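First chain A sits with chain B, and in the next complex the same chain sits with chain C.
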Partner chain A sequence: MNVQDRRRILGPVEAKPLAFPSINVAKSDDGESKEKTSSPPEFTDPTIRTSVLTNCNGSCILETPQLSLLSSIYGPKSTRSNLFESRCQINVIIKSSIFSSSELKELSSFLINVLESFVCLELYPKAGIDVFVNLNIEEVDELSWYIPYIIMSIVLGLVDAGIEISDLPGSGFNDNNVACFTKDGNEVIGIWKDKGETKGDEHFLESLEACKVQYLRIKELMSSYLLSQSDKAE
Partner chain B sequence: MSTEEEATVEVHPVSFPPEILARISPELSLQRHLSLGFRPSLRGFEEFRDVSVDVGTLSRYHQLQDPSSTKEVGTDNHVLGSCVLREGDVYVVTKITGGIIEDVTMSNEDIDEEEDAELLELTEDHSDITKYTSVYPVVEVERGRMGACTDEEMITSQKLFDTLQHAKILPKSSLKVKPGVRITNDDGTVEIIYPDSANSDEVMSSFKINKKWSYVLYARIEVFGRTGPVFDLCWNSLMYALKSVQLPKAFIDERATDLKMTVRTRGRNAIIRETYNLLCDPNDSTPIRLAEKNISFASTYGLIDLDPEADIANLEEDADGDEAMVDEEVKTVLLADIEGEAEESSIKSNITIVSNADGRFKRLSIVGGGAKITPALLAKSIALSKQRTADLAGKLI
Partner chain C sequence: MKVEREDTYTQFHTPTVEATLYLLTVVTPPSMQELPFKALPGQILAPEFDLLEAPQTNITETKETTTSTDPTIVKYVCGTGTKLIQYPTKDAAGRDIEINVICSTKLGKVYSYEVAAPADYKSVDETRKVQFRTISVGSSELMEQTGGKSESNNNLPREGDLVLCRVSRISLQRANVEILAVNTKNVPIDGGVGTNGSGVSAVGGGSGAQTFSVSQASSDVGETFRGIIRSQDVRSTDRDKVVMIECFKPGDIVKAQVISLGDGNNYYLTTARNDLGVVFAKANNGAGGLMYATDWLSMTAPTSGVVEKRKCAKPF
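Showing the complex of A and B:
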């Protein structure tokens, strides 16, 4: 049902969205069947830019050939509630054009939990930090694949905003599992699994190790980027 | 009686560093800068910010144009045209998507020639504007807030919609869909035949398609890093994005071209034409046809009276406060491309010009907010907008 939002100019109600059927029969003779089970691409080192936006406290753009992701951090800023909260409240909003809002909401609450474990919340009482993530170019249709990049950009955005964090966490994606690590891979602060079957403990542990490898790579990239920034500043 | 001692209060003037002054008193900070000959952003009075654009890179057809790319176009990408515009520190990302709507208006053949000829004649003169249409814009200015759309977003969207309609850039005829037919041959191969291809005539004549469709274009405009009024950035970004739009070729399956069903409702039989499923070709597209000469670009100007009391040069001569000012006339300056908190909040008089390469106006708005707007200043703003439009139009090539 199309309930029109009258505050916005949405166009005629009867208009139907464009439907693009998949290119099927005619083209799959090459021997490469590009059917449903194309696995998401491997992790590639993204290009990083921070301090991109001037109207927020911290921002970071990550780009790879399949992805362009912008995270902007607003805060710590005062909350509207009258109650005194001794810890800062974090809110994450993700904007995307290919994923549904319910999926994005679930991912947001997962990210809030992860963030609360490494942001020094006690230092910002009665305040809120708003994290906005915009997926501008999204060529992979598997939401879990984006999580390592999203967390990386949020961490770099928090550093850019000058918000104190206890470590540089990161995460890795392997076989539909995402695991978030901190303290050099010795602590797990979040696990996300959306699709695929649960294959048993050993498989999961292997997958966890693969995620850890990716985490260590991400951490290396973040540290070298931050060091190069501080060298430039001097 | 005790004598009252006079208490003397010493007042020390307080001075603030420029950044603090800009937050406490933006107007004073602006006036001080202006008296020195430049603006808080360190630009000259008539200097614009540099614009760089990246056109078409977010659209689904972008990958197809790159011969080295082996990627398949994802069916999830519905963007038909795009532009990422950067002006100073502000980024504007415009994505144009589409929809299809059935045309239910009468065609010219349906109108009875004799009776309605007079009506037709009357409407011919006034109907020029009805030959053009607009896109449906949704503007989102990212300022770290959630919730309902702000006044600024709603007003900017409406302005973009109205200006595009009246600028007569997008003819309705450009958006008409000429559907092809998808045929399944006897040997099982599937072919799609479009009206403009070589051997289409015999095929198309055997399929009578009685319905007419048009595309509808939507624009999603996101502004990141907003530092000042956004209308001209949104308009310029929309122009570039519109130019890059590729309309997909559409087709109907042959089995659906002339489908009639008999339906029983409440004891009566009715014949219903089945609604067709119009599908879009994932690879083939045609560039959109716009009225090129009407493509125009926007610029905004602010006018402000210089405050002689804020003039730094005068401050130093303030030893003898009784000296009358030599020049009593209020000087009004024109500032191009408003940016920054100080300018935006202190400048109440604005001129917005949207004009094409020939200098024809598509939109002109003058808000006299108290500054003295003379014909000379108007002429200057028009001249500047011509230069700016020429510069921006050059980026389209």
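Showing the complex of A and C:
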């Protein structure tokens, strides 16, 4: 803080700038932190709830013992841009307390690419869809581990919002690789790899097959949840 | 499934001509492929072309003996909540081909109803009868009541749609408006229950011939779509002598039609029809009471008797 700033109405000349003492965060030495650095836990079936927020178009909460994640979808709504866009513009904002904003921004642009491949954008010209993802409880250090759950909650949120999508995609996480599938595993719409070494084509293809198994499980969970929801609504 | 629908319908409604017509259009005739009752996004609903089983009892009754044995071709048209995609499969000889199929893009019930042939359709074989059916998917109550013929939530304004909007700003050349509600059905000019006697009743009951889908975007925080009514689009007579302050005032609720998607900022709207114009307005720039239209050029507030000039819409 510059007390000599001539553009501002200043305080008395003798004023000293505020100085905060630096805080040293004591690292917890108990065994819990060691567990977090080991391999991320296996995929468990999450509990799902949709239509939890009233002021957004669609929302979904996913919970597992290590995770609670809320996604909310706003749109299609006006974008206020000067240019005429014949397709919808998707924006993804992720909020987390343990990951840095640059990592989250990279994940946002990855998710925007994935979303643009299956949302029917031509049906919503001049409009924008905002997707907000809140990682409320996050006990796993590895950002890539969250991606299958994030994509699952976004897809369920989009269906809840009534936004037209051409398929129910999903993804799987295996050995630091995340692959997003659609059309029953016949098409890959996104691949994410953050850490770990590149091991060669055969290893990658095995990893891809493991991701596909997880994708099929996720798609089964989503389909049964959506059908049970629409049965309940009658 | 068809029997269940008839039972529940006749339980609560007394059969009328309209009800019977509704049943006849909603009940699906037998085809080679039955449509699913409910659909998930990405679920295949039907191929684009299908065959109807030729009814066996008709052969002795029809006069054209040669064409009655050929089954009718059904061409499915995409309605709301569906999309035409290429589906890779193998043909009879085992070669890889792609066929057009209709797949669902929403979660909801599947509706199918017969429509007239589209204007640009050219028939390949004149001897075959072709029936056109629209497939749509949706879960809203409005779709259930109309048998799938109306769109549900989240409809954006398109060319030709009627919208309800609120005037936010007036200038000499244009009026800026915020779009509050959209109606996507093409309503005839008289705006009444329908010249052919059939009409859609409003979701909440009553005889509203038009159903508006209220925008979920909040106008308080400026999330709504904006539009412009140019002075030359206010009325169809004396278009260049329009005085905007005598047609609209800020705060008025106006019924208009979309003529163009415009640029990124604004839709372009028109009120140049008898049934378009100011629907609700308050006297004295919002300070007075609600006014009613007395003729297409003026409105009166019954509480105070003040008369103000507006370009009014013909009441429903």
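Some points to look at:
Here is the rule we go by: the second predicted complex is superposed on the first by the 197 of 234 C-alpha atoms of A that agree within 3 Å, B and C clash if a C-alpha of one lies under 4 Å from a C-alpha of the other, contacts with A are read in each partner's own complex, and residues count from 1 in each chain.
Note that contacts are C-beta pairs under 8 Å (C-beta built on N, C-alpha and C of every residue); 3 or more make two chains touch, one makes a residue touch a chain.
Just so it is clear, the model here is predicted, and its values are computed rather than measured.
Shared-chain residue A:120: touches chain C; no touch with chain B. Once the two complexes are laid over each other on the shared chain, residue contacts for A:9 go to chain B alone; chain C is not touched. By the document's definition of touching, neither partner reaches A:102: not chain B, not chain C.
Contact with chain C, but none with chain B, is seen for A:81 once the two complexes are overlaid on the shared chain. Put simply, chain A uses no single residue to touch chain B in one complex and chain C in the other. Of all residues in chain A, those touching chain C in their complex are 57, 76-85, 120, 124-127, 159, 161-168, 182-183, 223, 226-227, 229-230, 233.
Residues 58, 60, 71-79, 89, 91, 93, 95, 97-102, 136-138, 142-144, 146, 148-149, 154, 157-158, 161, 189-190, 216, 218, 222, 224-227, 248, 277-283 of chain B touch chain A in their complex. Residue ranges on chain C touching chain A, taken from their complex, read 38, 40-42, 81, 83, 85, 103, 105-108, 139, 152-154, 156, 216-217, 222-226, 261-265.
Against chain B, in their complex, chain A makes its touches with residues 7-12, 14-23, 25-26, 34, 52-56, 70, 72, 74, 91, 93, 97-98, 130, 132, 134, 136-139, 141.
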